[in-house]
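Two complexes are shown next, each including chain A; its partner changes from chain B in the first to chain C in the second.
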Partner chain A sequence: MIQVAAFYLFASVLTACALAVICARNPVHSVLFLIACFFSAAGLFVLLGAEFIALILVIVYVGAVAVLFLFVVMMLDISFQDLRRGAMQYVPLGLGIGLVLLVELFTLYRAWPERTPVITAESTAIENTEALGRIIYTDYLFAFQVSGLILFVAMIGAIVLTHRCRPDVRRQKVAEQNRRKPSDVLEIKKVSSGSGA
Partner chain B sequence: MMPVFSWASLSPALPELFLVMLGMVMVLAGLSQSEGAARSLCRVAIGGFALALMMLLGVNWDSAPVMNGMFVMDHFAGFMKLLILLGLMAAVALSVRYLEQEEIDRFEYPILIVFAGLGMMLMVSAHNLLAMYVGLELQSLSLYVLAAFRRNHSKSSEAGMKYFVLGALASGMLLFGASLVYGYTGALGFDAISHALAGGKAGAGLVIGLVFLLVGLAFKVSAVPFHMWTPDVYEGAPTSVTALFAIVPKIAAMGLLMRLLTEPFGSIMPEWQQVVWVLSLASMAVGAFAGLVQNNIKRLLAYSSIGNMGYALVGVAAGTASGMGAVILYLAIYMIMAAGTFGIVLSMRRGGRAYEDIEDLSGLSRTNPLMAWTLAFLMFSMSGIPPLAGFFGKLFIFQAAIASQFYVLAVLGVLCSVVAAYYYLRVIKVMFFDDPLDALDSDLGFSLRAVVFLSIAFVLFFIFSPDTLVETSRNAAAALFAG
Partner chain C sequence: MIDLVKTYGLDAAWMAVKIGVIIGVVLFGVAYLTYAERKVLGAMQKRQGPMTVGPFGLLQPIADGLKLFSKETIIPAQAHRVVFLFAPIMLFTLALVAWAVIPFDLGMVLADINVGILYLFAISSMGVYGVIMAGWASNSRYAFLGGLRSASQMVSYEVSMGLVIVCVLLATGSLNLTEIVMTPRPWPVQVLLFPMFIVFLVSILAETNRSPFDLPEGESELSGGFMVEYSAMTFALFFLGEYANMILMSAMATILFLGGWLPPFGMESLSFVPGVVWFGLKTCLILFFFIWARGTFPRYRYDQLMRLGWKIFLPFTLIWVVVTAGCLMMFDALPG
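Let's look at the complex of A and B:
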């Protein structure tokens, strides 16, 4: 009973926040609503017994992605009022596409073969995290490794597109620092007492 | 119980493993070298692709799927990878000098091409929806960066941005389709999906999933109506990158499409044939008619590639082994013609500046007859004039379509190719009958000359021994229908 109540709570908060993300006038508010969305989605994952994914969602999406969004939204000098001007002319098109998608979703719902019972996580001795680890590093090793390569390419791409070599920057030259000897830079002077250096 | 692992079980993926290593070593080498790294790494990349090609020829082309059924190496994958590696070598060879001339010779360029090539090879070997997606994404991400490689140039940045946004949308569609297919069949592996579909009729949900998968892939092969990015990206990207786009990625995307449609969804062929039919006809028509009004040669070749993908899709729509064999042959011939044509586009320079309009070729037959004749034969071949290679590609495609009783598609396809012949012939008219402009720079470089020479030799002499290539592509296609 309490689970059902929790489900409806999380689901309705999620939907309301998702609507608020696209309706909010201030883009910063949109991002904050997005964070609330992530939290409610994480709650739904906990209800499904997938606590690892719930935590990852909070750590990665709330902790990193959403904060990044916030930074970008606040740092970019874009007038969102100007962007929004003229957006109304696309409303009929958007509504049309939305309608088509709705009809498709309805067809999908009708086409579902039979009412299969809801699959819940098996309550075995294996922990959620351990179960994921077991398949990611065995059955899905290939996809996991290629995902790593994709991230590598993304890193190279970000550097290629944004890194600029500026000659006027003072850089730390570790080799030169290590090569420095006391005799190069230190001079010991005898200072006789009574007179200055 | 832990399954026993042996390195030998990974041997079908040897060329891919080698390319991963090559890419990483190239990153380290590029970082430790300051001057002229791009040029030497381009050579390393060409050598690496050649080595991977040798490994590919040494690998057993009849292996069972490895890595938990995610990666398969059959005759189809083998031949497609052969084409991809050859295309990559040509694309890198065409770029070496161009990069220096345009002062974008940064060492990441060949590295990104290596990773893009790796993604393409994984795509044609994918045997699981997940493996398909990661391969596709590896390839696409590298290509987005390459499109924006000339980052100080607004058109190049725009091309990269457009390609990225639309490509991301396409990936989203593909994933949505994959999730529906997973939901209605309960499987990600191609074998398991085809097992789940065997005999039974597909429900509406699965068909919607399949259509979304097709939409995602149609973006990647730039089939109409998902072609909008192609002309802008081709025009904006640095010309050597445009050459790469025209030569290789479409082979991989088309290969993935063919495997996806025949292996997991082979039993519900009528469901996808109609979609491919529409895509194919629309691509041929738009490729032919929109090309008529182009003045920029890169945009012209973009529409030409859209049209050519339309012809290739005719063979896919046929849905038979001979149809797929014709598609493979068509892709091989198109790749070689595109390599030669872009070699000439890359050498359209006067006084160190690149020119891109068709008018810039005016009177080329008097200032540089050899180049003019070469481009003329390539254009004749592209438009499908008989003794040249391009004719045979189209011939086998339309034969297969007629054998599968797609008469309307075949007739409309031939009509479209007549329309498209106009713009190919217009290039020839400009070269031979217009007033000559100043001569083009003659300093072309060995690698570019070699690519153009090999391409034109293939186009001219294909007719004397077509059997090898035709047989190989038939065998490759037969592997798709073996399982």
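Let's look at the complex of A and C:
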């Protein structure tokens, strides 16, 4: 009973927020609604008994990815009038993509095998963190490592693409500062009165 | 409906009582943490600290609270009203919600979930939104700069905090906070984890925007940072949230590294003292470190802060995860 109520709560908040993401006029509000979406999705995962995935979703998407999203969107210098002026010309394209997705979802729904057994934490009696770990590091080890490698390559690629070497920036060189001794930079001079240093 | 009340009614009421007690204790802790901070800082600077309100100034936090209650909440004309008001509420709520999984003693925990440490980490990583939203919604340059600084600072230090937690998890083999405390740690493991304790202490200073990493609200450049436009209750919520976060992070450090409610150094003769007392004392020790650091260190420059986070802590913790895992593997000390 409570579970059903919680499901409908999270599901309706998720849908409403997803709608608000595309309807909000202010891009920052859109990102904030997107964060609410992630959060409700995490709630749904908890209801499914997948608490590890739920919390990883919050840590990675809400705690890191969306922060950077928000960071970038807040700093963009957007004129909302310009943004809205050209928006209507994309409506046919958007509707087309939406229609394709809807048809796909519907076919999937029709073709879904009936009553697939749902594996939850309770039915296997081990925590789903442990279960996931066992599967990832045994059966899917290769796929897991390859996906890690791909992400690593993507990270290096992003750094290479965006990093600019600017010679005019003055950086603090800590090692150099620590190596410096008083004798290198200080000199004691005896100044006799009546004459400059 | 009546069935529902019969099944859940008593549980819900009992739960509400427990929640009320925890919130009460945390808020009381926050009030007297501000008092302790002013007294300790005063002692460090040869001043007396608050003295006039009540005996030894003990009623000072209450007077401060009343003052903030009675002030007017000002919302700037150009601010985004909803986000502006939502930001402090969110920060404060998150600071309280996280207490649900903290075990104060064996079995003395509101929700003993099996991914407790991930829950804590998730909640603390969401705290940054309160700050960013406040900075953006205020529509002021100082506040915005404070919000941006805070966002990058908290995201940077979260990475090394995550890796520190991974080290502890390697040694304890569970994500449940009670089990993390109860898993016995032989001294080699403690030695292995000690550098991570230091990294964690510094990271929680940065994560809670405390001195010497209090750049998001650096008075000298940003005149108050992300909360410069806030007044009265909205400001009080930020203030309460930040201090509640400090206590929370100290409790987290206690659970991860100081053995939670167990007597210190495994002294069985001291186990007649209730675990809650040990938990409180250890948390206070970390809180004293917060205040001590504030009274001792000058504020970091922003590039130095980023350098420490990304170029020193991140590689170091990453290497230490490998070292910890390798050592535990070699000596066959992996739990579970």
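Just so it is clear, the second predicted complex is superposed on the first by the 145 of 197 C-alpha atoms of A that agree within 3 Å, B and C clash if a C-alpha of one lies under 4 Å from a C-alpha of the other, contacts with A are read in each partner's own complex, and residues count from 1 in each chain.
As a working rule, contacts are C-beta pairs under 8 Å (C-beta built on N, C-alpha and C of every residue); 3 or more make two chains touch, one makes a residue touch a chain.
The structure presented is a predicted model; accordingly, all values stated were derived computationally and were not measured.
Student: Just from the overlay, do chain B and chain C fit on chain A, or is there a clash?
Tutor: fit
Student: After the superposition on A, what does A:Arg179 contact: first (chain B), second (chain C), both or neither?
Tutor: A:Arg179 sits against neither chain B nor chain C.
Student: Is A:Arg25 in contact with chain B, with chain C, with both, or with neither (first, second, both, neither)?
Tutor: neither
Student: Take the Cα centre of chain A as the vertex and report the angle out to the centres of chain B and chain C, nearest 10 degrees.
Tutor: For this superposition the angle at chain A equals 150 degrees.
Student: Should A:Arg170 be classified as contacting the first partner (chain B), the second (chain C), both, or neither?
Tutor: Neither partner.
Student: A:Ile159 in the overlay: touching chain B, chain C, both, or neither? Say first, second, both or neither.
Tutor: The first partner, chain B, only.
Student: Give one of first, second, both or neither to describe whether A:Phe52 is in contact with chain B, with chain C, with both, or with none.
Tutor: In the superposition, A:Phe52 touches chain C alone.
Student: Does the superposition put A:Leu70 against chain B (first), chain C (second), both, or neither?
Tutor: second
Student: Superposed on chain A, how close does chain B come to chain C by Cα atoms? Whole Å, please.
Tutor: Taking the overlay as described at the top, chain B lies 14 Å from chain C at its nearest C-alpha.
Student: Flag every residue of chain B that touches chain A in the complex, lowest number first.
Tutor: 3, 20, 27, 67-68, 70-71, 106, 108, 111-112, 115, 118, 122, 128, 130-131, 134-135, 137-138, 141-142, 144-145, 148-149, 151, 160, 180, 184, 203-205, 208
Student: Of all residues in chain C, which touch chain A in the complex?
Tutor: 4, 8, 80, 83, 113-115, 118-119, 121-122, 125-126, 128-129, 132-133, 136, 144, 147-148, 151-152, 154-155, 158, 162, 175, 303-304, 307
Student: What residues of chain A sit close enough to touch chain B in their complex?
Tutor: Going by the criterion above, the answer is residues 104, 107-108, 110-113, 138-143, 146-147, 149-150, 152-154, 156-157, 159-161.
Student: Along chain A, where are the residues that touch chain C in the complex?
Tutor: Spelled out, the residues of chain A in touch with chain C are 1-2, 26, 28-29, 32, 35, 51-52, 55-56, 58-59, 62-64, 67-68, 70-71, 74-75, 127, 129, 171-172, 174.
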